[in-house]
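These are the structures in question, set out in turn.
Consider the two complexes below, in which subunit A is the common component and subunit B and subunit C are the respective partners.
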Partner chain A sequence: MKEFTQQLLNGLAIGSVYALVAVGYTLVFGVLRFINFAHGSVLTFAAYVSLFGMLALKLPFAVAFGGSLVVSGLFSIMVERQAYRPLRLQGAPNLNLLITSIGVSLLVENAIIVFYSADFFVFPKVLSSSTISLGGVATIPPVDLLLTGVAITLMVLLYVFVNYTKMGVAIQALAYDRDAAALMGININLAIAYTFFIAGTMASAAGVLIGMKFNVNPYLGGLFGVKSFAAAVVGGIGSIPGSYLGGYLIGILETMGAGYVSSNYKDAIAFVLLVLILLFKPSGLLGRGLQEKV
Partner chain B sequence: MSVNGSKAFARGLTTLAVLVVGAWVLGSLLQATLPNYFTGILTFVAINSVLALSWNLVSGFTGQFSLGHAGFMAVGGYTSAILMVRLKLPFVVSFVSGGIFAGVLGFLVGFPSLRLAGDYLAIVTLGFQYIMLAVLNNTTDLTGGGLGMAGVPFRTYLPVASLTLVCTLWLLSNVVHSKQGRCFVAVKEDDIAAQSVGINTTYYKVLAFIISSFFAGLGGALLGHFTMYLHPDIFNYLKSIESVSMVILGGLGSLTGSIVGAICITLVPEVFRNLATLASRIGLTEAGDFLRRGWMVFYALLFLIMMLARPKGLMGGRELTWAGLRSLAGGFAGGKGGRQWPSSK
Partner chain C sequence: MGFRGSSSLKAAAFALVTVMLAGVLSGCGGGSSEIKIGCFYPLTGANAAKGQFNKNGTQLAIDDINAAGGLLGKKVVPVYEDTQSKKENVPNVVRKLIEQDKAVALMGEVASSNSIAAGPVVKQLKVPAIAPTSTNPKVVMDPEDVTKLNPFYFRACFIDPLQGAVLANFVSKNLNKTKAALLYNIAQDYNKGLAQFFKERFQKNGGTIIAEETYPDQTQDFKPQLTKIKEANPEAIIIPNTYAENGLILRQAKELGINAIFLAGDASHAPKLIEIGGDGAEGVYLTTLYAPDDPDPKAQAFAKKYRDKFKEEPNSNACFSYEAMMVIGEAVKKAGKAEPQAIRDAMENVKDIEVPSGKFTMDPKTHNPLNKPVVVIQVKGNGFVFVTKVTPE
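Right after this comes the complex of A and B.
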């Protein structure tokens, strides 16, 4: 029982990361209908921005963290402006957007390697490394507590933003039907910029926190990004609660699988789950079926 | 078979025979005369061309984006190596078995995922690749796991590689120009319209995927028998991206374009490496270092510029043909046959 609770807590922490990144994939897929492979590299970028802030500029952690949220959000908008918008205005097929996003992710990773370093960095010590005991049932490292707390706060904020603000409703309308939304007087480009900003910020929070939990390296976003995308599909791409559900599901199953079955196949669990879900419920757990238009 | 059909069949076989003999003779000649460095590059060009062609069939012609071709390469490479080393099978048998096994896995991956709409295939194939790597890393008894598999027999001589390339090109160009190939293109252009004229879209998507993974497996087997060493990390995400970039550069939906792209992408790191050596030799150590590390940035920029400025690639879906080359030469010479090349799409 003790081990089970412990695994559950670990799964919740890592699931928070997947959920934070997955929601970015869902938002971007919702408005632009393509898989943004560069999303994972925003996560890497953010980890390096906060690392740079703390090591080179000697900023306190809170400032570096907050700064990286804003910088990565703006970076995400810039990627959309420079790389995706020209293609979108040309009316290029989604395949081209997908390939461009792969190019962006390659560029970010390799620019970091060339201009910064390919080394693994350990994040400066901010929180104490002694674990907090939860009444003898389980222990939790402070970084996991911070991770889960930040993730849940951001999720609640996003929920409020999407449902109770004018821009949030505009983004929903855009996801529903981009042309009709434009006809209703919604500023499409502004709404897309907002979407990318939010997606970038949430990925950034995930990036800084897993950088603290593990280490910072140029390939940080790769596997985390792909697994988070799997989480978004499992939960139902296009559904915000679905991506939270998918993220936590994959996080928990992965730690449980590593703990009880075999840690060798840890990385494969997310994808096996993905294939199974796609076989039996192609639209994902909470997703609506995509209506194909003729 | 009608008289016309059998005539065309005989002509096709003659073409194949000429190509096979030509590739073998040319490959052997080059192998015998050129220094090892250049034959090595040429062999890599041939291997990469096979991979680019295989990826082009599924994505350029059928419009299904696959990001897991390195997974199929790994299957082909490991199968061929294991059959040859463990079961002592002859090279040709294990080589083809590698392709067939990759094709079977292609069916297992493609069948469930190709019934879905949208870009899901990209993520499922990427997932397949990670699953494949996890399996290869953990079946230590069979594949050597994380230590890699050394001692794969060297069989990819230049003639073998060029022969495989020629056969792949011939087979794929026949597939593309057949009834099935037309159906692939119909599925790519608009799969709902294709379905409504009676094309079984799922069948053709899966068929294209199986053929493509078969050739990716052959490419992987060639690679394994060339480097004589297999390791799960060779077949990572970047390896998949490499075949994508070759096709993007050459032109989606152009078979000869894939080969052009493969040549360019294979040469980029070589050019950078030589420039770096040159720079270090004349005393520009820092510039040399930068070039050595910076080629991947150049590679990524190439990817982006290509997509933004010329999304159709160098060849843009057109083929390089003998007739086209001849009229191009005529055009340069200002001769009578000098018409716009290529004359049609």
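Right after this comes the complex of A and C.
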């Protein structure tokens, strides 16, 4: 029981990361109907931005974290404007957007290697390293609490934004039918920019917190990005609660799998789940079936 | 659109031609006044902190050789290439060093898997290579038949069966522990090999392995494995992994409140281990090739020389790259000409040269040096402290 509780907490912490990143895949897919593979690199970018803020500019953590959320959101918008919008306005097929996004992610990764070296960086100590003991049953480090807290807070904020603000409703309308939304007077480009900004800040929160929990390196977005993508599809791509469900499901299942089955297959679990979902419920656990022309 | 496309195509073609010409010209240049030594090291990526030490150690040796008049009256010039710590980059990098830079001998890599990846190329192109710090037995073996030697691969350090045995004896005899657990990277030959050799000797000593967990490359979350190991309650936990992975393992073990003694191998001998591991790294034992605070005066002299030049403490990578370069230097002198085949033949018979970790004699039957001692060090405060030195019989 002790081991089970600990593994559950381990799974929740890592699941929070997947959930935060997965929601970005879902949002962008919702409005543009393509998988933005550059999303994982926003996460890496954010970790470096906050690291730079703290090490080079000597900013306090809260400022560096907040700054990184804004800068990464803007970076995400810039990627959309420079790389995707020209293609979108030319009416290029979604496949072209997808390939472009892979290019963007390679560009970001390699630019970091060139300007910041490929070495591992350690985040300055912000939280105490002494862990919180839960009645001798399990331990939880402060960074995991922060991670889970941030993930849940952002989920609630996102829910409120999407359902109770004008722009949120506009984004939903856009996701439902882009042309009809445009005819109703919604500024499509603005709504898309908002979507990318939100996706970028969510990934940024994940990036900074993973950087604190582990270390910072240019490949940070790689494995976390791909697993979060699996989480988005498992939960139902296009569905915001679905991406959270998928993220926590994969986090907990792979942790339990490593703990009780075999640690050799830990990374495979996310992808086995992905294949199973695609075979038996292609729209994902909470996704609506949608008519897709590819 | 069509116009733009064709002009960018022209630009690309022009750039390509320029690059190729530059390659040809640099191939022609250099000439006979220099002896080029190709060094393929992980200067970026997962092993970057180690590769930098290898580069510094090599540079120190080349400076010493050139200060003493060079080799055969020629200046020794290193050509450094970055493998980015990736196995798949190694064959191309090695080929480039040999075919374009005309290196007569090679040094590299750090990770055993990466040195093994260089094996087929040096064998095919017939240029001798020496691995300063790759300890897996397969590094010097023929890639097609592991029972035979690769005639062109040599090594400057001890091998993992010895390191594993020393590690196991240290746990059983010095620490008096009988219950051990293992946690290692299953995708790397070094980690897998060292774990295996530890296990064999430890069980022979009467110890039991009560938990054995693995993980693949790029793993950062070791909590599931560590939680499982914690439940098994081992006295010692063996982590034969690189410094970056072990730093995270040690930090996460501390977070889980694991109190067992941790032990690792030479791949963790880098200051980054302590930087990443934080409080968790305190008290970890490592087996390694060289320690700057080894009481041996020759080791101390090397440490001083390194400190004066690079303003940091040397580690085993620095020392063994220095030694490997000295071995190449001796082989060129013995061969009397800077020609790969002759250097290879001479390298097999390098005997009794003075190096910082003692005397160096290459065993022609194994391509490994004879009687390299294993040093045990421990993390204390913010650095590594010499514990003991074991010389094989």
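Methods note: the second predicted complex is superposed on the first by the 291 of 294 C-alpha atoms of A that agree within 3 Å, B and C clash if a C-alpha of one lies under 4 Å from a C-alpha of the other, contacts with A are read in each partner's own complex, and residues count from 1 in each chain.
Simple rule for what comes next: a residue touches a chain if its C-beta (ideal position, glycine included) is under 8 Å from a C-beta of that chain, and two chains touch if they have at least 3 such contacts.
Remember, it's a predicted structure, so these values are computed and weren't measured experimentally.
By the document's definition of touching, both partners, subunit B and subunit C, reach A:113.
Of the two partner chains placed around the shared chain by superposition, subunit B is the only one that A:229 touches, whereas subunit C remains out of contact. Within the superposed three-chain model, A:165 lies out of touch with both subunit B and subunit C [touch as defined at top].
In the superposition on chain A, contact is made by A:3 with subunit C only, not with subunit B. When both complexes are overlaid on chain A, the residue A:259 reaches subunit C alone and has no touch with subunit B.
In the superposition on chain A, contact of A:275 is made with subunit B only, not with subunit C.
Looking at the shared chain after the overlay, A:139 reaches subunit C, while subunit B stays out of its contact range.
Once chain A of one complex is fitted onto chain A of the other, the partner contacts of A:267 extend to both subunit B and subunit C. Counting contacts as defined above, subunit A residues 113, 222-223, 264, 267 meet subunit B in one complex and subunit C in the other.
For subunit A in complex with subunit C, the touching residues are 2-3, 6-7, 10-11, 13-14, 113, 117-120, 122, 125, 129, 131, 133, 139, 141, 210, 214-215, 217, 219, 222-223, 254-256, 258-259, 263-264, 266-267. Contacts from subunit A toward subunit B in the complex involve residues 33-35, 83, 86-87, 92, 94-96, 98-100, 102-104, 106-107, 110-111, 113-114, 222-223, 226, 229-230, 233, 262, 264-265, 267-268, 270-272, 274-275, 278-279, 282, 290, 292, 294.
Within the complex formed with subunit A, the subunit B residues making contact are 59, 63, 65, 112-113, 115-120, 122-124, 126-128, 130-131, 133-135, 137-138, 192-193, 237, 241, 244, 248, 290, 293-294, 296-297, 299-301, 303-304, 307-308, 311.
Residue ranges of subunit C in contact with subunit A, taken from their complex: 44-46, 48-49, 84-85, 186, 213-216, 218-221, 223-225, 227-228, 230-231, 244, 247-248, 251, 254-257, 272, 275-276, 278-279.
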